[in-house]
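For clarity, chains are labelled A, B, C and D in written order, and residue numbers in each chain start from 1.
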Amino acid sequence: MDGSGTGRLEAFSDGVFAIAATLLVLEFSVKEGANLGNNLLHLWPAYLAFATSFLTIGIIWMNPPFCVETMARVDRTLMFLNLLLLLTVSFLPFPTRLVADSLRTHNGERPAVLAYAATFVVMAIIYNVWWRYASSGRRLIAEGVPDRAVRAISRAFDPGVPLYGITFALAFWSPIASVAMTFAIAAFYLPSAALFDRVTD
Amino acid sequence: MDGSGTGRLEAFSDGVFAIAATLLVLEFSVKEGANLGNNLLHLWPAYLAFATSFLTIGIIWMNPPFCVETMARVDRTLMFLNLLLLLTVSFLPFPTRLVADSLRTHNGERPAVLAYAATFVVMAIIYNVWWRYASSGRRLIAEGVPDRAVRAISRAFDPGVPLYGITFALAFWSPIASVAMTFAIAAFYLPSAALFDRVTD
Amino acid sequence: MDGSGTGRLEAFSDGVFAIAATLLVLEFSVKEGANLGNNLLHLWPAYLAFATSFLTIGIIWMNPPFCVETMARVDRTLMFLNLLLLLTVSFLPFPTRLVADSLRTHNGERPAVLAYAATFVVMAIIYNVWWRYASSGRRLIAEGVPDRAVRAISRAFDPGVPLYGITFALAFWSPIASVAMTFAIAAFYLPSAALFDRVTD
Amino acid sequence: MDGSGTGRLEAFSDGVFAIAATLLVLEFSVKEGANLGNNLLHLWPAYLAFATSFLTIGIIWMNPPFCVETMARVDRTLMFLNLLLLLTVSFLPFPTRLVADSLRTHNGERPAVLAYAATFVVMAIIYNVWWRYASSGRRLIAEGVPDRAVRAISRAFDPGVPLYGITFALAFWSPIASVAMTFAIAAFYLPSAALFDRVTD
């Protein structure tokens, strides 16, 4: 372990990200005995939920490296916040399966999507606290990182919680629209990872 | 592999920790056909067992790096003890599911929680032997680590086995209280990871 | 993270490859109550599908290191393409199980093998785009890599999409022949990894 | 990737070892509705199979590092042999579950344990070929490794295939004795890892 502990934090987090993303596929299931071809085509809600969860995990993963890179060290509080973040990430396969099953069977769509959206809200909140703790007063930020880079990262964090809050509210009105919006948020955040290039320039 | 073998021991252990923690979610299940919303709210014992097991694995993971960091090398005996420790960690998802299922269905709570508590007792015993072997007579301890740091770590290990022993006894009287106490132990050990900062100072 | 980001990209990709490959075995199942000995012998389609998927993942894994090695850096677009590639790799255990189950029960073989072949087609397309993006105009290629090495890698990528396209078409006529050809492609690509030695010479 | 490729080979192999070992626990199951306490006590064949498979994977893992350490480089053939070795390791959770289930239900014990023993025989053969290829004529051996160390490793490999062959034959006569012997082999190989210390001295 290097003196700052950032390397080890990254390695463990990467492990959980990679495993949670790969476990998503285990939640797929098809009805036995029915027409398999039709079944596979009607699985599209499962594919949507799978892709949404996978891309979101991938995007969170694409961010931490550059965030952690901007840090000179980690402390005990950040490790605890990181553990909570990983707990929600590793929980994601469960609501993903609920959404896939309920959209396919048209049974319990609202509670399933509410649970799905709530998981993203909690995840976004913890990830925000994680970053605010590290960056406030430049607590753990490396000296070489300019103030404007820290502010740019903070601005990129701003829309996360409100957006996922809207997906939660939307689930009361239209579960499928809520899942589609969760997918859209992942697509929206992909280009914002351009910050990545800006900081390391 | 570096000459001391500590890097490789850490990498394999981290892998098992990350995988076991992430696999916990696979043990979740809901009754088919029932009201999903109610079902999800009544899953709270599963959430409690999931969080308890996840946090405990996380805390064991937060400790070894700094313990291993204090070591100059590993030997064959420590690798064997480490293998036993990983065996109990990778076993944890099974009793976690038993506890989640039994608390939800009010069926077989006592044996399930006894199995859960017994796993933690065995894990705590092996982890203690692991550290006593490494630290006794400073067998594997690096030269730069002061004696008082070794003693501080040893003191942090002291309460583990008795505390988990109490959760085991408690399970005979009240299974849910036993699980709650297991959760509390995880919460109690989080601040004690402050030793982390003290040793590396 | 090193400045170029290639190390981290490799580490996360390796994680997904290793996990997806190892998860394949979870899809095995035997009929309860029947004669186990006969059952195990009649599982040969499952063994074939397991070996085909495992070897294909292994071969993709054997390639990226040397491809990534030829790169001086990664950018945001490559990370996104890589995420899509990992999404298809982590999806593979699902169609693998469909193939294994349908070939064993002689039920729904055509749609199952079509889904299997389609996954390989999509995977081959994304992997091709991944490499064309990185290599076109030597966008991300390291200076030390000679032009003829880049061209040799590109040539090795050429047959991928057409070959998997043929397995897809073949599935309409004979599902088992399609799976056998998918296995043969993996066997065919193993020696082509010889490029590995040529580039690093 | 370093020029020799040994680092990357080790990292991927470690991933598969750690994942396969941790997945073993997913194969545990208990009969629903029955008396859980009795059930858990009658699961001992599952515990035995779990511990045997876990320890064997752990011991294979304890060996490769030092074997790979003795190598100056890897080539394409060794990577292919390594892929086959990982294929058998990642397959192990399936026969482990068969053994655990059949010993518990007294149904199909012979074919289950034959499949289990056959997996170990194949694994031992591939692992032997893996080492013979690397060491014959010191093909991939690093210069600093003395001849007597190479011979000592080869001697440690000698008993593997015959011993597992005996467990296979034994399964015809007594399945449980065969599993017990597989466990004993793991216990026997643990001290033989002492070679580890001798080589690195």
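Heads up, the rule we're going with is that a residue touches a chain if its C-beta (ideal position, glycine included) is under 8 Å from a C-beta of that chain, and two chains touch if they have at least 3 such contacts.
Treat the numbers as computed from the prediction; the structure is a model and nothing was measured.
Visitor: Interface check for copies chain C and chain D. Shared numbers divided by all numbers used: above half gives same, below half gives different; which is it?
Guide: The interface of chain C with chain D is built from mostly unshared positions.
Visitor: Counting only Cα atoms for the centres, state how far chain A is from chain B in Å.
Guide: 26
Visitor: Averaging over Cα atoms per chain, report the distance between chain A and chain D in Å.
Guide: Once rounded, the distance between the two centres reads 36 Å.
Visitor: Give the residues of chain A that touch two or more other chains, as numbers and ranges in rising order.
Guide: Residues 11, 15, 19, 23, 26.
Visitor: If each protein chain is taken as a node and each touching pair as an edge, is the resulting graph a line, ring, star, complete or other?
Guide: Shape of the chain contacts: a ring, since each chain touches exactly two and the loop closes.
Visitor: Which residues of chain C touch chain D in the complex?
Guide: That would be residues 10-11, 14-15, 17-19, 21-26, 28, 30, 33, 35-37, 40, 50-51, 54-55, 58, 61-62, 65-66, 68-69, 190, 193-194, 196-197, 200 of chain C.
Visitor: Would you pull the chain B residues touching chain D in the complex into a rising list?
Guide: 1, 3, 5, 8, 11-12, 15-16, 19-20, 23, 26, 75-76, 79-80, 83, 86-87, 90-94, 98, 102, 107-108, 110-112, 114-115
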